[in-house]
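You will see chain A twice below: alongside chain B first, and alongside chain C after that.
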Partner chain A sequence: MSKTITLTIDDRKVTAPEGEKLLWVALENDIYIPNLCAIKEEGRPSASCRLCFVHVEGLPAPVTSCTQAVREGMVVKTRTPQVDRLVRTAFELLLSDHRLKCSTCPQNRSCELQKIARARGLKLKLKRFKSLGKEYPLYESPGLFTFDRSRCVLCGRCVWVDHEVAKVGAIGFARRGLKRMVTTFGNIDLDASSCTECGLCVKACPVGALNFTGEQSSEKDG
Partner chain B sequence: MQGVTKRHYVIISKGDVFVLKPSENEKEIIIEHVAEILGGWRADRENLIPILQDVQDRLGYLPGVAMEKIATAMDIPAVDVFGLATFYNQFRLNPPGDHQFKVCMGTACYMVGGNIAMDSFKRRLSIGEGDTTPDRKFSLERVVCVGCCSIAPVVVVDDMIEGKVTPTRVDGILLAFEDKHQKKDDNKGNQGQEGV
Partner chain C sequence: MSAIVIEGYYAGLKSKADHKLLPLKEKPVIWVGTATCGKAAGAIEVREAFKKEIKSRGLDAEVMEVGCMGHCYAEPLTVISKPGFPPLCYGHVDEGLVKRLVEDFLVNDDPCYEYAMVALEPNDIFPTLTDFPRGAYEEKIILEDCGFIDPEDIDHYIAREGYAALAKVLTMKPEEVLEEIKASNLRGRGGAGFPAGIKWEACRKSPGSEKYVIVNADEGDPGAFMDRSILESNPHLVIEGLIISAYTIGSSRGYFYVRSEYPQAIRRLETALEQAREKGLLGNSIMGSDFNFDIEIFRGSGAFVCGEGTALINSMEGKMGIPEHRPPRLAESGFRGKPTLLNNVKTFAYVPAIIRKGADWFKSTGTSKSPGTAVFSLVGKVGNSGLVEVPMGTTLRQLVYDVGEGIPGEKKFKAVQIGGPSGGCLPESALDVPIDFDSLHEAGAIMGSGGLVILDEDDCMVAIARYFLEFTQKESCGKCTFCRLGTKHMLDILTRITKGQEEDLASLDILRELAEDIEAGSLCNLGKTAPNPVLTTIRYFLDEYKEHIVNKRCPALMCTDLIAFYIAPEKCSKLCNACVGSCPTEAVYTREDGLKAINQDKCVKCNNCLKACPTEYSAVIKLSPPELVVEKEREQK
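What follows is the complex of A and B.
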């Protein structure tokens, strides 16, 4: 497992332990691949955001780099017309289910979506798709954070830290398809649930769905 | 449609919230049944769906206390069980009513106004899709095609199929049940008096 191999990403030779997932190898070597749902410690990636597509020579279609293990002599391109098209569509679909009012968003300038848009030359505007315009009531915890589902991109990072790091199990996914949402058991408010207000999920949120309020509002970044 | 403004729609779905809470007495019975069902399975996550199916077969729905009990037995967060139960359409979180209305929203029924029939039921019963009235007499569900598209829009009332359902027909269906209940109540009343 600890065998070191060499592969080529965007004409650069990099070394990595065999079996490591391509996404993490690229990121460690300062080659940015857009990603939202990826969690390094997670055994089986959910591969649900569909943003980390790359082209691997020899494979017929682009693959998600979070699920692709690196092999000796692998040749990877992070940008091809096919990859860009897939990423653009996935990104636009995410935006169609996201409240796009960056100027009023507490996460403005440190939002992962903005970072992806900048890196890939994508617009934070909807052209092809209509906004779903879902409106959920804003949840405000007593003095610590707010939860705005209208800005949630369903990456699952908050659910993962809640389950695996905080070991609380207060939040999870519910419903299916366009109605999918992060919620508590029985859809009750967080303060009535088993939530301990540890704040780990707020730190994990890559977009403006979970935000600290008050004094801690500057604690969250990246 | 309800809750729709020009550009935004608000997601209203009460069907996956525990609107009707079981009484203490019911809770005990539920927990007994669930414990019995859990005894027949290895408490492993891969058995979660079949266990939930068994519980629903036995109780008619998945009460919150049942889900919590199952989660404890499997040592997983209750919210994961909830997530699974709300993911699949086959599971219901509220007890079925004595009489069930299943409004067809298949393509044919939808095109000729299945949603109008659905809205009529919602309005008349003051409940949403997947809900049960507080007196547990009626419950409302959406189904997709019951196989008689020629008489669309179709509503399945208990096991009877009603075709070409207009809002007036909805009123008629409900009135018939009200009459029936009225008669039953009257009979009960009379018997009671005779008893005295």
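What follows is the complex of A and C.
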């Protein structure tokens, strides 16, 4: 339906359907842009993690690539000093609100935060900011999985699959500001909620917040 | 044909209203300001006292309730108009003065000039508003009738040409109305100053037959009360503006989004909507035309961020009031996914006058890029607090010193915080900046929704920046990384600075970098503007920050962790015990020689002793850093 256009990302010419969001065009062409909250199928991007900044020629400031539609002739740079600075700060901010004990985390080595650090040469350590000391008790679902809210980065992927793929609606965001969290509606126990333990949310989680129970052992030993 | 019907309809409304109000010209009328500001100062008691006195004396006089006249420092306010005298305004009215005014003025023709503040019409006896500096600068467009009409009686509004603009619009083509609004260059008064005409045009052009118009009356800035005042004092002005916008863009349904903390505004709006419906100004075939439109009130949940357009829409749709990425703009996809026009209360309030008097008339006030007036709530260290309306282009200096009558006491001006928590602090050197959207932006502040706090030498700029940032940090919806976490880290750094716990000047660099990144990286304007108070105070008051960090000293003597209370022996009278009695923790004691002193270990820095010490001694002083006390005590020995 939509016509195909050509754009340039990091000096590489790529083609894409007009209007497609830049983030997906880049990723499909193996050009990595950090991201946590992006979901391709989502109608209106959440644009909340603020990691996918890029520079688009002609625009005065970096923009989030998950919200930027591609146009014919667009020239994009995924790395500029301005972009790198924003990504670094957003990344450090997320780390300051994340229980940073990789060695005992079930997702060690398969975590998106580690991937971003590797791709952008960032440290998994706090330098400019102090840790906000987020500590929540570990929640264990009746059978299948555990939820460590201290590691949740509020990307919303679990909520999205729960609502749009599983079509259950057991979980959602609650509270405002620093207290924003993923929880069940009415903040009741999962087993009292409509959760079917389909496990889709666990697979969607990019970090070590939602884990299948078996994956949890090292954490408890540690 | 239609034009004749509409003009006839309006003429009928007008003559009915004039007729009804005629008797008010023939007998004494007492107008009591009962907007929230008046009520808080005791206006209801004043109203009842007038009624009682008039009744007990069997006088033929009317007591009417009006809204806010803008002189909040002198509430409760009362205006008495008695045939044969100019209408006179009295401030700080209490029951004693009520008795006096009824006895002396209403019964015996003595207007008690010694109590009158100002006359409201030109006359030979008593000064009018224009005889004061404030009146000379003020030019009222949207506040013109506030305080002079009964907001609960639509006929008062109609008698003052209310709904004449609507009648005119209904005989015009929507495109012609749009052209007039565009030509007026009216800019949105909700903060950003976006041209209203362009927004209206986008909504009008958006495809679809179902469209919405919404008044943003969320007014969440701490200390701002302009929108509330207008809704409480002259609700029909905003309703008329909204109806005109609906006609222009082609909408049949409008909403007022009012925060639920404004019960009086909501009540008066409900009354006003009902009366407008009764008069055929809302509903089907308005004024006999073929235009149908009605309005509902939506009560907001009260979160500051709900004033942001996309969050406001989410909240109206029953979702969490959390912002979304734009585009799409509301003009393309707003309420229920339909094209939606959202403007501030004040923006709509300018519309009737622009239509009645024309775009050129509107542009004759203010500056070429920011025509019209600006409405501010002046608060803080200023003689005349209250609501003011001045032409755009008035300088901050004129606003502070002429309209506000300067800083009380012998204190020195330090800064104005303009634009609320999203605005900035401007110093003395910026006082000659003209107030308009672009000049303020250049200076680092914003027009915002019109809160203006005046600060003097006793205000610590670090603490002020911290105060505003604490507000936005608490109000962050938490959706996006920069605002949720970044503002928290900024606040933590500022807290450490004001407590003397920050050792390293490098923390200022982190603070500044973080502030810039939050501005550039946040999803919505709450986050994007939250660092403004911090960035402007760093820009203009860097030394104050440094003093806190390097010398652990608060130059304004405001940060409690960095000061100590001390009684200067050479000033203490020995004989008075005021300070001793005032201290809640018994930290103040009498020394063997009779002088008073403070046990620093017990002192909780409540400021009581300083207030208690009689001004002729002023022996209690604050010292910063606190260690100075030890030095002073050593000197003494």
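Heads up, the rule we're going with is that the second predicted complex is superposed on the first by the 213 of 222 C-alpha atoms of A that agree within 3 Å, B and C clash if a C-alpha of one lies under 4 Å from a C-alpha of the other, contacts with A are read in each partner's own complex, and residues count from 1 in each chain.
Operating definition for what follows: contacts are C-beta pairs under 8 Å (C-beta built on N, C-alpha and C of every residue); 3 or more make two chains touch, one makes a residue touch a chain.
Please read all numbers here as calculations on a predicted model, not as lab measurements.
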item	value
Contacts of A:176 with chain B and chain C, given as first, second, both or neither	both
Partner chain(s) touched by A:154 [first = chain B, second = chain C, both, neither]	second
Partner chain in contact with A:93 - chain B first, chain C second, else both or neither	second
Touching partner for A:187 - first (chain B), second (chain C), both, neither	first
First (chain B), second (chain C), both or neither touched by A:131	first
Chain B versus chain C as contact partner of A:163, first or second or both or neither	first
Which of chain B and chain C A:61 touches, first, second, both or neither	second
Partner chain in contact with A:114 - chain B first, chain C second, else both or neither	neither
Comparison of chain B and chain C by chain A residues contacted	C
Common interface positions of chain A, toward chain B and toward chain C	132, 173, 175-176, 179
Complex contact set, residues of chain B against chain A	7-11, 13, 16-18, 64, 67-68, 76-83, 86-88
Chain A - residues contacting chain B, complex	131-136, 163, 168-176, 179, 183-187
Chain C - residues contacting chain A, complex	303, 320, 324-325, 473-482, 484-486, 488-489, 492, 510, 513-514, 517, 520-523
Residues on chain A engaged by chain C in the complex (per definition of touch)	44-51, 53, 61-62, 64, 67, 82, 85-86, 89-90, 93-94, 96-97, 128-130, 132, 154, 173, 175-180
